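Structure record follows, encoded as structure tokens.
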């Protein structure tokens, strides 16, 4: 890349787009060359804040602009595939808001297109770049938790009903990507239930259980119709347990030195020898750095160096395979759906190398 | 009943027994005649605190004691059926710690035995007698919530691993009894997942979804292996929503005047006209009366007047039918299990009569 | 004012200045004509974000600019007087960050200057424009609380040590302005204690008691050296009591229907007949509007219509008289300092007119 | 002492008495021989719960009972002196509910009486025996906090209005005793303000500042007229800071590795070189043992071994000297009152010996 700055075009200036524009604008290695949106009012707002940026209602103007090296897509889910494919075909690197596309098949086509052209394809799984999730991953890589027993998360609020996706594609997608990031293991089956309380709209409430070959189990509860906002995750291990509350202003992660101990088997089948450890709690200092700032830095690095992003296309694919399986299970009132992983182990197990 | 006081015998002086003894002892209409436990140490403790009470290692001593009108059973679940049956056959009224017995079949036999003998059979679903649950029921009977969309509860702690029952028979039983008490509707199907993290012990973590014929759905999450104690229930309605946190010292129930509004159908299939109401929150004053005190008063009233308890045998049966169905679903990784209600509608719908 | 927009100049682009620039820039009735700061790096940042705004290191450039109608001052306290005086003398309306100046004498001179020239002088007591404080004032004007017994506030954090003012001029100033705004009464005396834990720096921790002629008392606790941030205020009345926690994301104000009741005098001097009311709690919905947005709207209205602002010079003067009295009391380890109000009643008592 | 058990008599069975009776009854080294109260209804309640205990309306019956070695006094404050003096004169060891007596002079007489007779005189400063305060003292003895900058406590609720003492004798007494216990230093002056919102009753709200010769300062805020219960204490040190919330069920103490750092003096007098440390938070495991149980064990040990209690008469005297000084300061609206310590250093400085 000859230029010192990556030229970026952003399509979609609704809820998330402004955050992308602001973070690319604040990054010294990038330049926001153009923004595209169908709404002229939004384009006027961009002009006021970023007078040096070109605005347009036509996405093609971004694709044909030679100063644009990369496109960030923040439009409704159903449009992700076409917009991303067109960008790749125009030779642009692509960052797509989660979920990467509306089906695993479409994601696979995007991965192929990016691979063939040697372009970066990254999905905006923002939570992976939060200092809190980074800290949890760090604790798990250091084996602080011991064997991981469960991940149990609740993510709810009086949220915006999406029209083209249900609540698991909107909210559970965060947890699925976090689970995939911090655990060493892919789920083998999914059972999910969901319900819809507004006639004609997609499910607004769902519960998903992910089964693993180990004793680990993951559960995700999501709800657009909650009176209060909840963003709480429990991670239980044989040595320690974590409570991660993303709404806490500073002490987002609490590590509990608590658990059970097994004192040998008992002769009496009705009497387990289970003891309890109740030790200290510890809240590691968490950086206040905005996740999207780190993510934009990472995207720019990957574009420059041709290295695969943490949240690359394959990672986005694995998330969507789980979402699709969960959707099928919801349709069958919780009947489990098996997940196949023909591509083999997706990551070198951390424990094996430790 | 010729005597002014009900003579009570209590069997089992472990975790819950002392609470029963204390509440019967403090009730002016009852007299704790005898307590039975296998552990001589516990009997000695009773003697110190209640020198006027007879203690015995032999349950039969209670059964044969003519001064005992009623037996309260607080022993492990697997012993409930035999102890309750013996008490009924000895002509005693019976109060049994939850769950009523270890299977629906056994519960049906107890119900028959009590019916034939005209004795009171009551199950100790303590939460039904808490001022908080009473207040929720009152709000729902007054139709404050509108159509009920969901009941979603989490009940977890670093809890005592039970040896003869899994976590749903220990903890979810509370929620199932509350759901049955406050909703007008029985579930038609159950999907549940559960996992066990201690080899050879029963499930210590589970998630249960109850489906209803209406749009209502209930979900219960229970966990014996949580670093912190959680007792939180959300009830969402079309008009208002409740957050019930049993660990709050005073403001246990918060009623939110929040929700969504539908502004007519849209021409654009991708655009729902959903608006949001964000109004006040209100925490009604909740009495601090101990639930077990109210429950013991109710039991004594029922024994005296021959009236059926709120938590009678039939109510206990319906809870256990759900627990059994959930257990079957857990064994099949969430595959839904249908619930049959051959006895017809179990209660007159409150709304129909209002 | 012939122009449709008020031209605004801002001096000081440190902590608070960017908020002023942003809010004036977003207000359709105002135009940010110029910004002045001594730091070229900050001026460059402004240029990036607001390319249409003139930037300068020389304050005089703002004063001599005929397109600037009003100056907003966000510089260290010791410079407020000179900058504001120069602005008034240049015929500009003035909005000054709190506290208005470093002494009551200097404030009086600014008030005189503004009065003589018919210019608006307003102090940026931001909290008065928060929806939460507006709601408290509304509740008190409606006499929801009854007789006000006390205002008790804690405002602490691991805060920026100021070099030219102590913690009461930095933090307690907020509470003094709120107290003045919501109560109908001026304090008659002040007792304050303070301490300094860093040699050579001003007090970083202080406690202030304000006495009133009524039974009302106010207390303010401020601390720059607290491990956690606290922004909590209790207002106790004869009928109801308020807990206002500014860190709560939504339920910032809780109104408790609690208190004591007097059941007539007792014959026994040692036995008061005091009963307790423990009723419901109610959290009114609070708007999420940014306070500074409302404040900027109010300033523009006052400039346009020549009406006195809620936080006018006189209001700023009364706050500083209390701060000065508190500082004198701190020097004498709490010895009370009387406050004189030679200008008579500063406001028509709300209750008298009700 | 020839008998294996200490015979105990308790006078006063109101709010606190039942806790004393229960804890002495549960202690294997003690025997509750008799309880005295003026109210026959309360005596009947004791008889029901403790049939082996003598009850009487005449305090003299306890004094003349040779089986009683020690008297615990839980009556209104104004009666403490006479009851304790009579007990000492009858040769009984004495444990008195806080505060020890209604004036320092009376306390001195009790100390003399006990000294002359070689009897144990202990005041029931229960908080000193809580695992939380024990943990704070342990952390300070290990110099975990560094130089102690401040102790700042709030203790409020919708509390029982006392008729014979004001709120500082009822609530602040706890903090004064804790401060005395955990700090190495006695206060040299007190400034306090207080107010009364019920005509004819004692102060129901007060704020106390204690000055020390070091840079340490202590502040205590107490209030009987608060809508919610608060029991929160901040202890700030040069190395670490503690937040102690007694209402937290388990994590009562949080230790923050936060503070300021001084980076050398600046040339510019207006620019302090103060940096901030924001590190981890740590909540040490706190035992759940009831404080009064530990306290009763300690009292029995002291009686048996003739060793001085942690909360001996002298300790109770120092607390009351502060309460008296605070009361005088309240009468003068915060005017500071000096404290004299003619008895010299009251304790060997912990740091000197470390």
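Going by the order they are written in, the chains are A, B, C and D; count residues from 1 in each one.
One rule holds in what follows: a residue touches a chain if its C-beta (ideal position, glycine included) is under 8 Å from a C-beta of that chain, and two chains touch if they have at least 3 such contacts.
Worth saying up front: this structure is predicted, and the values here are computed from it rather than measured.
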item	value
Intersection of contact partners for chain A and chain B	C, D
Angle of rotation relating chain B to chain D [CA atoms, steps of 5 degrees]	180
Remotest chain, chain B as reference, centres from CA atoms	C
Of A-C and B-C, pair with higher C-beta contact tally	B-C
Distance from chain C to chain A - Cα centre to Cα centre, in angstrom	42
Mean-CA-position distance for chain D and chain C (Å)	39
Centre-of-Cα separation between chain C and chain B, whole angstrom	53
Where chain C touches two or more other chains at once, by residue number	228, 278, 281
Chain A residues touching chain D - in the complex, by the definition given at the top	251, 257, 278-285
Of chain D, residues touching chain B in the complex	25, 48-49, 51-52, 228-229, 247, 249-250
Footprint of chain B on chain A - complex, ascending	76, 78, 149-150, 152, 154, 158, 161, 163-164, 189, 191-193, 195-198, 200-201, 205, 207, 209, 211, 215, 217, 219, 221, 223, 225-228, 234, 236, 238, 241-243, 254, 256, 258-260, 262, 265, 269-272, 274, 276, 278, 281, 329, 332-336
